[in-house]
Every structure is written in C-alpha cells, then in structure tokens.
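Below are two complexes that have chain A in common, paired first with chain B and then with chain C.
On to the complex of A and B.
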C-alpha cells in the first residue's frame, strides 16, 4: 500500500473504532435501558475538550487560543480526566433532564441541552476558544515511541482497538446477567419494573453516567488522533447519526451496532465524499441527510429490530438424561442466573 | 425610557409568536400523545412557501401568510395521515415514534436546504415608522402580529368550547378509548387537531421569519426549542397553559437579551430547567389544575 492509502486506512479505522465505542455507549443507553439520549454528542465533546486542555499546557494570556484548565498531564491520565469530566457532566445534566419519567420527554430536553451547550461553547471564547476551537493538541506517546508518521498511525489504530475491546467487555458485563435483565425490564416498562423493586431513577442515572464516561473517552481518543476540536465537529445533529446506526444495525445487539456504524459512517458518509459536487451550496450533504432520514424511517417501519435483531433471552427447559438411571429427569435451567430481578 | 420596559414590549411580540406555535404543538400533543419534533421544520417550510409566494410570484406578504398557513395545515394533516397514524397502528415503542419524527425533521429540513439553498432569506417589508406607547416601541407590523396571535388564541378558545368539533377534540384528548366508545370519531378529531396544529405552525413560521428579518432552513428548528420550553412551562398538552408559558418565556427571553444578547435562548431553557426541578407538570400543575401524567408516559 502506498503511504497515502495507508493514511486513509488509518483514518478510517480510527474513526470506525471511535464511532463503535460511541455507538455501543448510546446503544447501552437506548437499546438496553431505553434512555433516549438526543444530547449524546455533548458527552463525546466534553471528553475531547478535556483531553485537549489537559495536554496543551497552561493557557497563555494573549496566546492564539484561550481555554480553561490548562495542564500537561501524561497520556493515560488525560484520558482518565476526560472520562471523569464526562461522568460529572452526565450527573449534572441527568439531575434535571431525567427528572420526568417520560422517555420521549427526556429525549427532547437532552436535545435542547445539546443545542444550548453548542451555543454556549461557541460564544464563550474563554472556555474552549469559542468557534475557533482548539488545535495543535499533542499526540500521546509520540515522542516516547519515536516512530515514523505511518508506523505511529498504525500504533494508534492498535490503541483504538484496545479501547474498543475494553469498552466491549465493560458494556457486555453491564448488559448481561441479572443487571442486564433489570435494565431491560426498565426499558420495556418502567412502571412495572418499579413495582418489582427496581429503583428506576437510580438505575437510569447509572446507565446515563456509564454511557457518558464511555462517550467522553471515545471523544478523547478521537481528538488525540485528529489534533483539533471545534463546535463544528460536534453539531447536535450528529447524535441522530448514532441513533440511525443503532436503528439500522440492530437495537440492543453489539454486533448489530458495529454493522450499523460500518454502514452509516464508513459506508454512506465516506462514500458520499466520492460524489461529484453538483448543484448549489451543499446539495450532496443535504441529500445525504435526507437519505439517512428515509433509511431510518424505512427501518423503523419494516424492520424495527434492525439488521441483526437482539438475541432472544428466555428461560430454557431441556431434557437431561441422568446417567445410570433409566428415567429421564427433566431439569429446568436458566441461562444466565437464578433470580429474574435482583 | 428604561430598557427593561422597552424589552417588555419586545417580550410581548415574542410571546405572541411563541404562543401561536406553542398552542399548536401542545394541542396536537394533547390529542395524539406524539412528540412531533418535526414541528420546527414545518414552521420553516411555511416560511419558505410564503417567501416564494411573496418574492417569486410577486404578490404580497399577506398572501404569503395565508399560503404559509395552508401549507402548514396540509403538511400537518399529511404527516398524520400518511406517516404517524399508520405507524401507530403497527404498535411501535414510544421511542420509535419520536425517532421517526426526528427522521422526518431531518428529511424536511434538508429538503428545504436542497431546494432553496443554505443562505439567508428575507421578505420584502416596507420601511416602517416606529411609534411609542408608555415606554415601549412598536412597528405597525408587530401590532398586526400581536393582533393575529390574539385573534388565533380567541379562535382556538371558541373552537374548543363552542363547537361540536372542539368538544370532540377535548374528549379525545382526555380519554381516547372512552371518547371512541361514546361515538366520537377519534380519527377525525386527531386529523383535525394535526391540521389545526399545522395551521398554527405555518402562521407562526411566517410571522417568525418576518419578525426576525432574515431566516434560513434551520430557523424553525432553532425556534422550536423555545416553543417546546414554553409548551412545557405551561404544562404540555394544555392549550391555555401553552399561552401562559409563551407569555412567561417570551418576556423572560427579551428581558435577558437586554443584559446579554447571547443568553437569550439559553434563558428560555433556564426557565425550563427551573420548572422541571420544581414541577415537571408545568405551571398549571403548581396551580393544582392538572395531573402530571402526560409526561410520564
């Protein structure tokens, strides 16, 4: 492969990995627990901003970019700081946005939070340099490793892959077993779940915070690859793309989400860039968004479970033959655990 | 003349525009229990229809206002008949309905972008003389807008209380199954509510575009957030609550704009957050008029 193609492949893979982490996180919120987080993108964004300012060093008065919290943390700590910031933001936002129990209602309030946040960050130049955004964000371990640009790129692909694997296991752990069943009960009917002893408000908040932390880490991983971050990279409408990826790929199915992310981001969004630019303004961009809208509507209509449906979870009855005896013993075994809702 | 009093006057104009939209949104939600996120895009469509009637056909803005209202009503009726009601018959999850309306919003918004282009547009408005009234400043156009909003509110009130259609719609909103078993044609009430909501969206879209001077394909969606805040502050699904909410949000946003213009829309959201913490059912719930079950579904 030529160097240009290698760079292209590296960029595609890192983007795919980051979107995969974010897609899994929002699927954990929406697919598993039923929280409609239309403001998801702000969590990815705060992770990116915090990872940037904690590695850029102190903000110089009169420098070309102004920001808060300037520091020079070593690599893994900047990611940790981003995760903490995402969690804190989730706690603050969740404390009021999740108060009403209605899911659709929460969704719109979160959408408004995203729009307001985008507005504020764009106009307050003291926070993260307003619409200019932050640039020249140092790449982690680049000096220490001493690799060439292409080799460093492949190293970063590996790093992203490690984050993806960790995310996969964390979310899998949280969404299977008794806890997963509890969350799915919450998704299906919050009132019934509450009657069975699930603390709806607490569990919703926990899921919201876990999703927020993972989103923030995905943002941190992305920004340290890109080296720049500005309000135009996290428009509130970006969240709709993640939701679209889940709806197309498969709600509550991690492989399905991966497929959806691959189709939506790597397929449609990358594919469109090869279209010739025709018509006035951003016609191709507008038509692309229209197409995604139609795609989502078609899936909701004809195949609401997505391309890869969620795994059926049920108690299994199976016949066991006990060795040495002539009688067949019917044993009932539950796949995951004993109690349905503990 | 103090700025606060001047801003109060602007607040009344804002409140009039917000009220037109918020009543339509809240009313439609009350009857069909669907969060129509594409409401903002419907407003934008009407603003552009009025633009084409006004500029391209070289008629007048008033004809544009009528055309905008009609196109809103048609769009509202079409989205109910062709999209939301058939979809509801498939018994989808509540989340799926709102994602569908978000998809419709993106589709409509970008359809305008594809047809009209991404720039800013404005109507041909005659130069106007400002006149003053007890410390507030008004243009004749603003008076017309406030008059239109008051007329629309009175019409909605009369429609709901004095006609059989209105009674049927209120019954449908209160209890769909019971209304249906009493012989009320709930499907027709629902369609009528969507058409009326679309009409109000259309009118408010044109008025918003005329009042703000320049508009683009996202104007309606941006304004929808303020409309939503007003509808929730008033108590979602309650027509009169939406009027009160519009008044509160309209005046607060303009008063805040005196001190910090960039915080104008943020303040609408501030009101919403405070309300969500005190009483998620809106102002009417504080007054003990309604139950809060609307938002817990």
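On to the complex of A and C.
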C-alpha cells in the first residue's frame, strides 16, 4: 500500500473509531435510556478543546492563538482532563435540561444549548481563539516513540481501538442486566418507573454524565490526531449525523450502531467525496446531507427498528408449554430475532 | 346514616391507621379536583374508593403516590409524612400505585417488566453494573424464580419472553398487578385493576388480591365494578365532586341517599 493510501486508511480508521465511541455514547443516552440529546456534539467538543489547551502550554500574550487553561499535561492526563470536563459540563447542562420528564422538551433545550455554545465559543476569542480555533495541538507520545509518520499513524489507530474497546466494555455492562433493564424501563415509561421506585432524575443524570464523559474522550482522541479544532468542526447539526447513524444501524444495539456509523460516516460521507465537482460549488456537502436525510426518512418509514434491532432478552428458564415450544421447533419467531448480532 | 365531611378519627378503625389522608386539596386551573378529602386506611384491609367519573379518585391516588402534590393537607403513611415526597420515595417506602391506563414497559419482555420492579437489586446501579455479571447473577436468579412463579400464578408463563407491547389489554393489566407485587409492597393503590380483565381471570386476580390482603398487604382499590368492591373490600370511601360523601361498609353505603344521588346525577 502506498504511503498516501496508508494515510487515507489511517484517517478513515481513526475517524471510524472516534465516531463509534460517540455513536455508542449517544445510543446509550437515547437508545437505552431515552434521553434525546440534540446537544451531544458540545460534549465531544469540550473534550477536544480541553485536550488541546491542556497540551498546548500556556497561551502567549500576542501569540497567534489565545486560549484559557493553557497547560502541558502528559498524555493520558490530557484525556482524563477532557473526560472530567465532559462530565462536569453534563452535570451543569443536565441540571436544567433534564428537569422536566418530557423527552421533546429535553431535546429542544439541549439543541438550544448547543447553538448558544457554538455562538459563544465562536465569538469569545479569549476562550478557544473563536472562529480561528486551535491548531498545532501536540500528538501524544510522538516524541517518546520516535516513530515515522506512517508508523505513528498506525500506532494511533491502535490507540483509538483501545479506547473503543474500553467504551464497548463500559456501555455493554451498563446496558445489560438489571441496570440496563432499569434504564430501558425509564425510556419506555418514566412515570411507571418512578411509581416503582426509580429516581428518574438521578438515573437520567447518571446516563447523561456517562455519555458526556465518553463523548468528551472521543473528542480528545480525535483532536490529538487532527492537531486542530474549531467551531466549524462541531456545528450543532453534527449531532444529527450520530442520531442518523443509530437510526439506520439500529437503536439500542451496539453492533447496529457500529454498522450505522460505518455506513453513514465511512460509506456515505466518504463516498460522496468521489463525486465529480460539477454544478454548484458545494455540491459534495449538499449531496452528503441530502443522502443522509433521505436514508433516515426511508429507514423511519420502512424499518424504524434499524438494520440490527434491539435485542430481545429472553430470561425465561422454565420449560414452555405447547405454544412456546412448538414455536421454537418450527422456528416461528419474529424477524428481528434472527438479526441479532450482539 | 349521613356521613358527609367525615374526619379520619370518625372512621370505624379497629386497628391504628396505616395511611391517613387529612384535608387534602388540589386544583388544576379552575377545577377543584380534590376538595378537603380525609380518610384513614387501617392495616391489612382492602378499602374500596368509589364514586362516579370525575369524582377525583385518580387525583387522590396521585396525591397519595406523590405523582401530584397537594395544595393543602397531608398524607401520612406508615408513620411518615409523605405529603410532598416524590413518587420514587413513596414507592421505596412500600406504597405502590398502579395506573388506570396501561403503563407497561412496551419494549421490555413480560419477564423483564416484572424483574424491573424488584427493589434494591445488586446490579441495578451504575457501579453495580460495572462490577459485572458475577456481582449480581445470584441475586438475579432468585428474582427470576419469583417472577416466574408470579407469571405462572397469573397464567402468563407462555408470554414470559414476549414484548409487553404484544399483550392484550387485559393481560397488560394483569402484568401491571404482577409487576407491582414484585416491588414488595406494604400497600397497593390499585386504579381500576379489573378494567379489561374478563371472566375467570378476573376471579383469579380477585382471589389473589384477597390472599395478598390476608398476607398483610393493605390496599386502596378504585373500581367502577361495584360487585368486585362488594366481594373484596372491607370498607369503602365514596367520593363525588372532589369530596368524600360517605365512608363505611358497602352494604351501609348503598343505603346512603347522598351516594345514591351522586351516582344517579353523575
């Protein structure tokens, strides 16, 4: 493989890993617990910013970029700082956005928060250098490892994979067993769940924070690969790409989300890059959004459960009577059960 | 026997009250849904809460369960003031409410619906879940047995692994009653538990509720089907237009002119 192709593959894989982490996180919030987080992108973004400023060193007065919290934390600590920032932001935003139980209300409030955050960060040049954004963000361990550019790229792919595995492990544990069941009950009917002793606000907040921390870490992993971050990379509309990925792949199914991320980000967003540049200037961008919009509409209409639906958890341990056992023998089962990957 | 504006202390209470509702008021906009309701529920009894549509029965249940909070008045349960406690805290004290409209967890299986209601599960917190299956699997096994026993009792075993959304209306009501049993209640607030449950199954549920009462669970049952109230309840509270218009034994209340008027004019 030529160097150019290797770089391309490395970029695709790191992006896939980062989007997978984010996709799983938003799926944990929305797919499992029913929190419609239209402001998801700000959590990824704060992780990216914090990971940047905590490795860039102190901001120089009169320097080419101005920012707060300048520091030079060693590598894993910058990621930890990003995660903590994501968690804290989730607590602050969640304290007012999650207050009423109404899901639509939560979604709208979170979207508004994302729009305000985007505007504020764009105009406050003292925070993260406004619309210019931050650049020259150091790559973790690059000096210590002494690898060439391509080898370092593959190392970073491995690093991203490790983060994906940890994310998978955490979310998988949280969404199976009694805890996952409780969160799904909350998603299905918060009022009934609270009448059975579930503290809806507390549980929603925990999920919101867990999702926020993972989103922030995904942002940190991405920014340390890219080396730059600006408001144009985290438009509030980016959240809808993640939601589109889980709608297409399968809400509340981790394998489905992986498939959705692969199709949307690696398939469609990359695929349309190869469109010939004819007609209007921003044809590629327009086609990307159109393709995604149409795909989501088609899925919501024809296959709302997504490509890989929620897994039905069969807990029953007792021998069934005729009805159940016959169904098992003949294989009369609903279609969605055959598509189980997880 | 005319008993309008009954006070808690006027009730025939052989045992000390388990639940005491005192002078409860609640309005929604211009509608006074509950206007000075007081009654007391002794332990180990089934109290029928009856009255025509719009009498305020469901609102009283919501006020007791913490889903709504009273503008005025108090609710004491098992010695504690729960007037302004949120629903999950009321539930944790062992007071469980079921709803008039089905409120199953649709995309959870029947068995999961039951399992979800068990209080204090080891694996039901974030940190418990993070510790992995080994931490909670024994606990889960015990609960699973209990849940499957309950399903057998209510003839829902065949549907154990079906999504609750696939059940019929009557089956959903039974599921909800079974689910509330999993919550280990000291007291149940049953809002029209028999709506949509037909014939023999209704008898099963009825017998089960009476058996539960004998095992020590106290109940308030709002029900339109007065024959059920006749058979099950130890005494009744009759409401109309947000007020308690009579309390006492069903056979006495039937003779009460105010009750007859309320039912005829409603």
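Quick notes
Just so we're on the same page, the second predicted complex is superposed on the first by the 314 of 342 C-alpha atoms of A that agree within 3 Å, B and C clash if a C-alpha of one lies under 4 Å from a C-alpha of the other, contacts with A are read in each partner's own complex, and residues count from 1 in each chain.
Rule of thumb we're sticking to: contacts are C-beta pairs under 8 Å (C-beta built on N, C-alpha and C of every residue); 3 or more make two chains touch, one makes a residue touch a chain.
It should be emphasised that the depicted structure is a prediction, and the values quoted were computed from it without experimental measurement.
Once both complexes are superposed on chain A, the partners chain B and chain C fit side by side without clashing.
In the superposition on chain A, A:148 makes contact with neither chain B nor chain C.
In the overlay built on the shared chain, the residue A:210 is in contact with chain C alone; chain B does not reach it.
Applying the stated contact rule after C-alpha superposition, one finds that A:247 touches chain B and leaves chain C untouched.
In the overlay built on the shared chain, the residue A:96 is in contact with chain B alone; chain C does not reach it. Once the two complexes are overlaid on the shared chain, A:74 sits clear of chain B and of chain C alike. When the two structures are aligned on the shared chain, A:297 is found in touch with chain B, with no touch to chain C. Superposition on chain A leaves chain B and chain C with their closest Cα atoms 5 Å from each other. Note for the complex: chain A touches chain B at residues 30, 34, 36, 38, 96-97, 99-105, 107-109, 111-113, 115-116, 119-120, 123, 237, 240, 243-244, 247, 279-283, 285-287, 289-290, 292-294, 296-297, 300-301, 304. Interface of chain C with chain A (complex): residues 65, 67, 86-88, 91-92, 96-99, 103-109, 111-113, 115-117, 119, 121-126, 128-130, 132-133, 136, 139-140, 144, 148, 157-158, 160-161, 163, 179-180, 183.
Across the complex, chain A meets chain C through its residues 170, 173-174, 176-182, 184-185, 187-189, 191-200, 206, 210, 310, 312-318, 320-321, 323-324.
Interface residues of chain B, counted against chain A in their complex, comprise 35, 37, 83, 87, 90, 92-100, 102-107, 109-111, 113-114, 117-119, 222, 225, 228-229, 236, 262, 265-266, 269, 272-273, 276-277, 280, 294-297.
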